[in-house]
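Labels A, B, C and D are assigned to the chains in the order they are written; within every chain, residues are numbered from 1.
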Amino acid sequence: MSDDLILLGHDVPAASRRVRPLLRESRTFAVITLVVVIVVLWESAKLLFHLPDRKLPHIGSILLEFGTRTQGGSGPYWGVLMLNNAAATLGEALTGFVLGGVLGCLLAVVFTASPLLERGLLPYVVGSQLVPILAIAPMVVIGMGHLGAPDWLSKAIIAAYLTFFPVTIGMLRGLRSAPPDSLPLMHSYAASSSQIFWKLRLPASLPYLFTALKIAATASIIGSIIGELPVGAARGIGVVVVNAAQYYNSRPQNLWAAVLVASLLGLCFYGAVVLAERLIVGPQAQT
Amino acid sequence: MAVVQANLKQLSPAARGRAFAWRWGPALATLLLVLVLWEVGVRLFHVAVYLLPPPSLIGARLLERGSFLLGIGLYTFEEALWGFIIGCSLGAAVAVLSVRWRWIAHGLLPFAVASNAVPIIALAPLVGIWFGSTTQGSKIVIVAIMTFFPTLLNTYRGLLSPAPEALELMHSYAATSTQSFLKLRVPAALPFLFNALKISATLSIIGAIVSEFFGGPLKALGVYITSQAGIGHYAEAWAAIVVACGLGMAFYLVIVVAERLVMPWNTTGES
Amino acid sequence: MQVQAPVIAINNLTKTYEGGAGQVVALANVSLQIGAGEFISLIGPSGCGKSTLMRLIGDLTQPSAGSIAVKGKTPTCARRDRDYGIVFQAPVLYDWRTVQRNVELPLEIMGQPRSERARRSAEMLKLVGLSEFEQAYPRQLSGGMQQRVAIARALVFAPSILLMDEPFGALDELTRERMQGELLEIWARTNATVIFVTHSIPEAVFLSDRVVVMSPRPGRIEAIIPIDLPRPRDTLTREDPHFFALATEVRERLRHS
Amino acid sequence: MQRQKRFAALPIVALFALVLAACGQTPATTSPAATAVAGSTDTVATMAPAMTMAATDAATMAPAMTMAATDAATMAPAMTIAATDAATMAPAMTSTTAAAAPAAGGPKDKVTLQLKWVAQGQFAGYYAAKEKGFYDAENLDVTLRPGGPDIVPEQVVAGGQAQFGLDWLPSLLSNREQGVPLVNIAQVFQRSGMREISFKDKNINAPTDLKGKKVGVWVGGNEFELYAALAKNNIDKDKDVSIVSQKFDMNAFLGGELDAASAMTFNEYYQVLAAGHKPEEFNVIDFNKEGTAMLEDGIFTTESFLQDAKNKDIAARFLRASFKGWDYCRDNAADCVKIVLKNDASGVMKADAQRWQIDEINKLIYPLPSCAKGIGYMCPDAFKQTADIAQKFGVIKKAPDDKAYTQEIWQMASAKQ
């Protein structure tokens, strides 16, 4: 199970990496084509099957929604409010990302150091993802609140709950990914275990860590929306989704636009991690 | 490596017992420790039931309402199963097409990767509008979407996994492309496919429960959890969550067993 | 040793690759005639194009210029006629098939009936000394055993040409020598023409009728050294002074290349 | 070399993590405060210097000062533990605040009201009280905490993240029976706004007609009026009807999935009308008429909160200002629409919908029933009816004790007026 969550992060098969420049061109083209195809299919389906706006609003009206003014026409543009909400969600997600990332790395380091702890805890790290977090999100928020955590932190903790898992698994694999002979080599230098960690295990684990962080990035956005949606919040994409769903019948485009923003938010975060990977691991990093 | 595996089967019962204890002992010990600490902590610090009911109370509810919980669990499992079947078979099918016609892959795979970024929970109200938020249809669709992309990506990678030499070998036998596909790519993709199925198994249960959050009959696990938590019946809600976890684990284990049966050669596929 | 009716006739063969820094010439104007049943070794430093030459013969890649005739046909036709048995450095066994079914694979693709496949594979596994391991999976075998399965698989459909790309490269020295002896025994019982790519001078000398010494940048034939050691060859052959003399000659040629 | 390069990049990783952490803090720490204070700039202006110090400079906060910052939402975790539970307040501070007369300066009392749902007209009175400075005038700094589909205000209040909560009475009674010591201090809605609506062609004119139908309801606390109506008509909710959990929108109903759906007069009913339907297309079951109406939005707090005389005073001031807010919305509905829209962070709400909502909400409060001595007064008979129905139909197992509600705070609130 662990392996493939990691695999989700890759999209370019190893064999085709050699023909990268060519591929990238054809890929950009293919993506653009697919976007065009979707738009055409969307609008023609609407036309052909007489789909009402309630089922499928026009793409144009979804995009135009961002330019409407709120508060009865005198407030800020809806797009601006959406940025505000997206920022709140991103703030929770980033905190959760960092918390989950740190926890995941720590767990992986501990597991590498102690097989006993690994055997004792790893099954529950995997099992933790079986818990329907949405169902217990309200209990988490109330429980954390009882312990004194502010609301945004409770949501960040839910995000961290979804984030730490891929990081633990990915980092664990990464720390064990050092080439077979490199450990005896370090021993031959009489390297201390902390030297082995900093000079061998950690650098070797970076590509794995980043693959995991890419998954974690999107998971943290999902986590913070899961925290906002059932529990409510002052701001956030989750709040917009609830509100937009409530008023869907009169303004369906709001909900579609909110989903669009949520997806873009996830993509941007993902892209930011890819960028960080290129900067840190180097240009040979996989997408 | 091969020798080690051969030896494991020849171990004496006592030695096998020790190996088993070493494999699972720490995990069981952790479980016991957590349960005891939880129970003692809740009682010692007088933690309110609405924050965290003690495991004994959850266990009592589980026994008391066992058959009822299992019944609503099966209703939810039914949604998960259908979504799983549809999502995984579509994912595998599209992966096959993508390997055959690479432009499909080039157009679709970035979307498959991007789809991880789409919070399915935000999409759920829309799926409800299309397929009925209180019927099983929308749940099946959501589970299918959730399982489609991991299956697609993994199967695609699996189909591309054979080494160039393995393909050249087929080429040297003048094998038809159908033959190399069926005899090389498909079997090579099986471990990848099963990995996807294992993720999808747990995802499908989670997905069904998440989508029940957006409406459904009272006999659904997700509806039961939220409705019980809403009126302060926390032990009941937790008991239902335990059932949900159990279902996810059982589904996962079924796939693991199926994997062992289908791929007897693959003895290292455990995680 | 005379080459009368060459099974493989290579004329002015050139192969260039498009590399990152412009064209790379892997082979330049290579010509070679290989007779029926001959055992030819290709030897040379890394990058001399020996593997490329083998792959060109086997229709695994296409030449940029020049021609290859295999039994008077193009390599593609020869491949379609199932003239080639290929053994790579890695055994490339299919994990999901038992040893027996791995050996049967080519026959399966060629549409042979089940009973015939079973008979032929049993025969081949006996030849390579693995009869007991028919039902084992590849992962349960040692590296040397896996390579023997690969050889059995290459021979099972009695191809007239055996292409071997450093097949013993990953084996330890003793296993390697034993495998070389076994290969010669098997070869003696078939009529196959063998093209054997290697890095090892003693291996090339011990196995071959002729050793083709190649030089790099661009890859070309430096020398062709006939090996007139008597057959059958065995452990004693390796201790023969003439063996050393031939090995020294190959080494000298390699050094000059 | 490659390895070295990677290693050299590690500080960048650390930096990146720090930047992420910083970004994570900034919007999050500002968000609740920003919305809470939105529009009431005078809050800051009237704040006493001591309070400003306590709220802004966490590092120098003396233990005795922690109580001043009761707003859990805006606090860092370490501080909130001591701060949330008003009952644990330091004695030294108690005297100061208790002495503070309304609007006489001194540190403001920070309290939080947990709403039952997202910010909307349903809570116009509280938003108006905040916006119009009624809370300020009572020397209160009130945070209005929006709810969500699955948040249970009772649990939030019991958990100490809010001092006051807003929920339906049966839900309060149920939670109370589960051992959550809550007490209703004011009953704002005097009538039930819940309806069960259906299209005319389904021929559902009375609860008996629901037999064999697919009936939507909000589960998790809001289902009991319907359950009671079914039971009253000898319909087994588990066998004779197919009860379905319906969520925060009317799409399942409009899409034809449900034969009947729950709708609040002020919200969901408007949504189906806004979707282009006419009132005459619907049959409406009114639980007020069926005799199974229960008391809806009421203000509650914990028993332990009220054990402190100072908190009783805070609660009374809170009620007084809130009631003033409701009166304001009764008289200035148009202005309240603006206030609500201003507080809609999602930007999805429209003026017409909120106008409808406030008008309908007003009908649930006004005119006050004859038993009520003023807005927010809990009529004992109405309480008894809700409790009886709740008990009769299994919401609670035994009759609630007399601590489930108190009129004391309401009396304090009206006495000083």
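Some observations on this one:
By definition in this document, a contact is a pair of C-beta atoms (placed from the backbone, for glycine too) under 8 Å apart; a residue touches a chain by one contact, two chains touch by 3 or more.
Here the structure is a predicted model, which means the values were calculated and not measured.
The innermost chain, defined by the distance from its C-alpha mean to the mean of all protein C-alpha atoms, is A. For the pairs B-C and A-B, the count of C-beta pairs in contact is higher at A-B. In whole angstrom, the spacing between the mean C-alpha positions of subunit C and subunit D is 82. Averaged C-alpha coordinates give centres for subunit B and subunit C that are 47 Å from one another. Measuring from the averaged C-alpha position of subunit A to that of subunit B gives a distance of 19 Å. Inter-chain spacing, taken between the CA centroids of subunit A and subunit D, is 32 Å. In subunit A, the residues touching two or more other chains are 54, 138, 142-143, 146, 229-230, 238, 244-245, 248.
Counting only residues that touch two or more partner chains, subunit C has none. Each of the following residues of subunit B touches two or more other chains: 50-51, 125, 129, 213, 226, 229, 234.
Chain contacts in this assembly follow no simple pattern; the graph is neither a line, a ring, a star nor complete. By the document's touch criterion, interfaces exist between A-B, A-D, B-C, B-D. Listing the residues of subunit B that touch subunit A in their complex gives 22-27, 29-31, 50-52, 103, 106-114, 116-123, 125-126, 129-130, 149-150, 153-154, 156-157, 160, 164, 192, 195-196, 198-199, 202, 205-206, 209-210, 213, 222, 225-226, 229, 234, 237, 241, 244-245, 248-249, 252, 271. Residues 1-2, 5-6, 163, 165-166, 168-175, 179, 183-184, 187-188, 190, 263-267 of subunit B are the ones touching subunit C in the complex. Chain contact summary for the complex, subunit C toward subunit B: residues 58-60, 79-82, 84-86, 88, 90, 92, 94-97, 105-106, 108-110, 137-142, 163. The part of subunit B that touches subunit D in the complex is made up of residues 48-51, 125, 128-129, 132-135, 212-218, 220, 223, 226-234. Subunit D meets subunit A in the complex at residues 2-3, 5-7, 9-10, 12-13, 16-17, 20-21, 23-29, 31-32, 35-36, 72-81, 83-84, 115, 117-118, 145-152, 155-156, 159-161, 247-251, 254, 267, 271-272, 274-275, 337-338, 341-342, 344-351, 353.
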